[in-house]
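Here chain A shows up in two complexes: once beside chain B, once beside chain C.
Presenting the complex of A and B:
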């Protein structure tokens, strides 16, 4: 989209996309009904969701090479659909799996735009560690996942509208930002090595022009432990506190005074 | 016309696709034939003949049993793909796919050779690295991330089976994978710290240039990584999923046919990945003193020799994996967890601290002693820590061979007393 001329068509497309997304989420969120009405609502909601996604794709900007474009679309669709399915699905285990898929999509988007460390760290930290713990708990606590509070969404209308409007505003503003000065914020094609495609630039030339590809992780580490040292240390101390706290809770063994049930003697 | 040309894949895409094809084809064939090698090895250890009959089909030519992988594959693929009634169908089918996809995608960051010399005829003007994603700056983390994705396959397989033995097996295996990821990461970190890069090809080059493989410079890290990678690959002595007699199997109890095959292939690929990583990170990769050189690749001969050295080392490590399988009894689950948290984790931390200290004070060492002596000291200090850690682990950890029931004083015991009195 151009900064002034094409904004109105893009804006109306975006507004339609947001409306469709809100309606689709509202229809899809679980409301404790069952039978024909619910099934019809889910079908219609899925259809509206597909329409909304198509509209979002239509008002987005082109990235450049066809390889980047296809891969970016695939991973971002995985992220968005996964996130929507996380809140919409009724089974907690499935919600966790959809969330993992959404995280994989987000990591893919990060890889495509060149933030390699963030992408991989998302997988290691969220999908690999935190979500696995969630899954453990969910699987042990509720094998069937059909408790009453899982079947009903509290504020379907409000949450659907809020989510859709937030998505629309973010798309609009990020789109405006990246439509600014040329080559400043347009998606750099960092992922030519991953995605293939792009121009045949040799590795050395690419490294010279690219602020991210050369020593990407080393620079990130320097920044983290240079400018943001205090924040990193504070986060580390916070994690240590959480660790000590969890050990304190767990190690409250029954051998402490007063908690052990004394063996009662049963009269022979 | 120009738009049509722009639709054609670029050279980078084509080379990447060719590498992916080579890698997946090679890995799958290697996995099939390594199963045969494993069976030969088992037969040799147990003083049997092993599979030696199947040769060329419809003839009587035996070929030492080299047709066996084909016959095995056909048999298990043609088996009925049975799905029990009580399973969660979607996740039951997805679990093996997740596991296989994760264990194949790991190889995007793992080099399978040094690099090829320039091929001007094909338009390749620079050295072509034998690595699918050469610009991935986070290679080691990529490997780590995808091996943590493998936990999903195990956990979902167990849960979707809707069978308490399968579920418990899934929990057991995923707890094992999660626990051993920590010593694995500590072993990786020591090497990353010494090489100063997360790229696996840079790590290999660093070892080739100095001539000191990291197994010699960081013996403790090597041992910790070796044990952790055995556990991550679920090989004996950590193969609780295979414990049919004692535990009714693991997460794939309810699986059969092609889905079981996918599980088994991905477990085997985990072992191959572990062998790749051990060789690349600790055993010098393609480097061999006096044979491969250590600089850039100039001739095809160097490229081929380096590939051969790397493959030979990997094959050697895989043979070691297979020999260990027949020389070591299976761990009990609590022993396995104790080993991870009480032995491997402190040892890994000790290694990391040692490596960091040596790296930090290396310039001072070089200034004080000269380059040669400093190099010797930088190798000897980790060996001192290695023996100290070994002795400490032997003295401090409780004996793992005591198989009597553990006397706890929990509520269960009290109940037990109540019943007895």
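Presenting the complex of A and C:
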């Protein structure tokens, strides 16, 4: 992907990491095995996953300071490990709990990148509302143990390979972004364009768009309710429609299997 | 303008979450776990959007993530209602229970016999009853006049 040797080393490391990740996912996904084989596959898969994550970390870029680097590493590892465990866990209740851990990691990543409001909103909306709803449905629908369909997967090998191809392509593309000024990302910064297209960004424009500014939430709210006011209204209508629709669907109790509920007769 | 290392690492994390969600939604058969995987894909996209927002120095990406959260909440509500209805009809949370909806030229999924699971069923400790159970009428206990 690059003429010099350093990046091709990184490329081969990344290819190894993606391959290890695919093999690890294939080993960890439920395949209807049991006993020693399943335990051995699970251990080997965990080992391969750890190797893959180590390789990814080794290919990572050096961030500014050691503190920022360590914090980003910890929260992103929490997010990725939680996500992988969500996908491969047999019990759906444990999958939901692992998903909560992944959400905590994602919220941490958002905090580090500079989206404080969104990090907190992710915790509140997802972990506080959506995940609890999932758990309610799980408890209603599957109160006991593991079912047979939790112990098998549809085509685990093919889906792991698909994931590896997608992850490989995405990391390749992201690696190319860092290699140099490509045509794909040479758009001028909005602040630069606003400041007259020059190279120097005035202090006012810089302050307007700095995601780490002190009044971050106020600026985000101003953008949300200023430029995107119509979209906010549409989102409110969408929430209302979803509420009404879900109530309308759930209040139609299914009758016998295969029978179509008769429409209510209107008195003449 | 090369993106900063933090932006690139955020993009990689977003790509990983998206891929894991894709693998989950392709391979798992439990309807609830499939929806959890779809939410994972949404999280990956959100992380990528926040990274690009940081890169470009404007609020567009973060505003989009706010709408992603909104749509995810609506989607989860409707999806769970459908899952509950599906469970009420078939008694299982299995995606293959609805395979009569497949294309007519596709073969039918037939589950092979699974080996017996050797996972121990969970056992919970029980307290030994202590003392003597007093005389009481269980029916009368249900008619509580003062609570």
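Side notes on the structure shown:
Here is the rule we use: the second predicted complex is superposed on the first by the 193 of 268 C-alpha atoms of A that agree within 3 Å, B and C clash if a C-alpha of one lies under 4 Å from a C-alpha of the other, contacts with A are read in each partner's own complex, and residues count from 1 in each chain.
Throughout what follows, contacts are C-beta pairs under 8 Å (C-beta built on N, C-alpha and C of every residue); 3 or more make two chains touch, one makes a residue touch a chain.
Predicted model, so just to flag it, every value in this text is computed and none were measured.
Of the two partner chains, chain B and chain C are each touched by A:129.
Residue contacts after overlaying the shared chain place A:156 against chain C, while chain B stays out of touching range.
In the superposition on chain A, contact of A:66 is made with chain B only, not with chain C.
By the document's definition of touching, both partners, chain B and chain C, reach A:121. Looking at the shared chain after the overlay, A:217 reaches chain B, while chain C stays out of its contact range.
Look at A:83: by the touch rule set out above, it reaches chain C but stays clear of chain B.
Set side by side, chain B and chain C differ in how many residues of chain A they touch, and the one touching more is C. In the superposition on chain A, the residues of chain A touched by chain B in one structure and by chain C in the other are 117, 121, 129, 140, 253-254.
Listing the residues of chain A that touch chain C in their complex gives 25, 29, 32-35, 56, 60-64, 68, 72, 76, 79-80, 83-84, 86-87, 92, 95-96, 99, 102-103, 106, 109-110, 112-115, 117-118, 121-122, 125-126, 129-130, 133-134, 137-138, 140-142, 145-156, 158-160, 162-164, 166-167, 170-171, 174, 177-178, 180-181, 185-191, 209-211, 219-220, 223-224, 227-228, 231, 235, 238-239, 241-243, 245-246, 249-250, 252-254, 257. Considering their complex, residues 65-67, 93, 97, 100, 116-117, 120-121, 123-124, 127-129, 132, 135-136, 139-140, 192-200, 202-204, 206, 213, 215-218, 253-255, 260-261, 263-266 of chain A touch chain B.
Note for the complex: chain B touches chain A at residues 6-7, 9-14, 16-17, 91, 123, 125-126, 133-138, 141-142, 144-146, 148-149, 151-152, 155-156, 159, 167, 171, 174, 178, 181, 196-198, 409-411, 414, 417-418, 421.
Contact residues on chain C toward chain A in their complex (touch as defined above): 1-3, 5-13, 15-24, 26-30, 32-33, 35-37, 39-40, 43, 46-47, 50-51, 53-54, 56-59, 62-63, 65-67, 69-78, 80-85, 87-89, 92-96, 109, 111-112, 114-119, 121.
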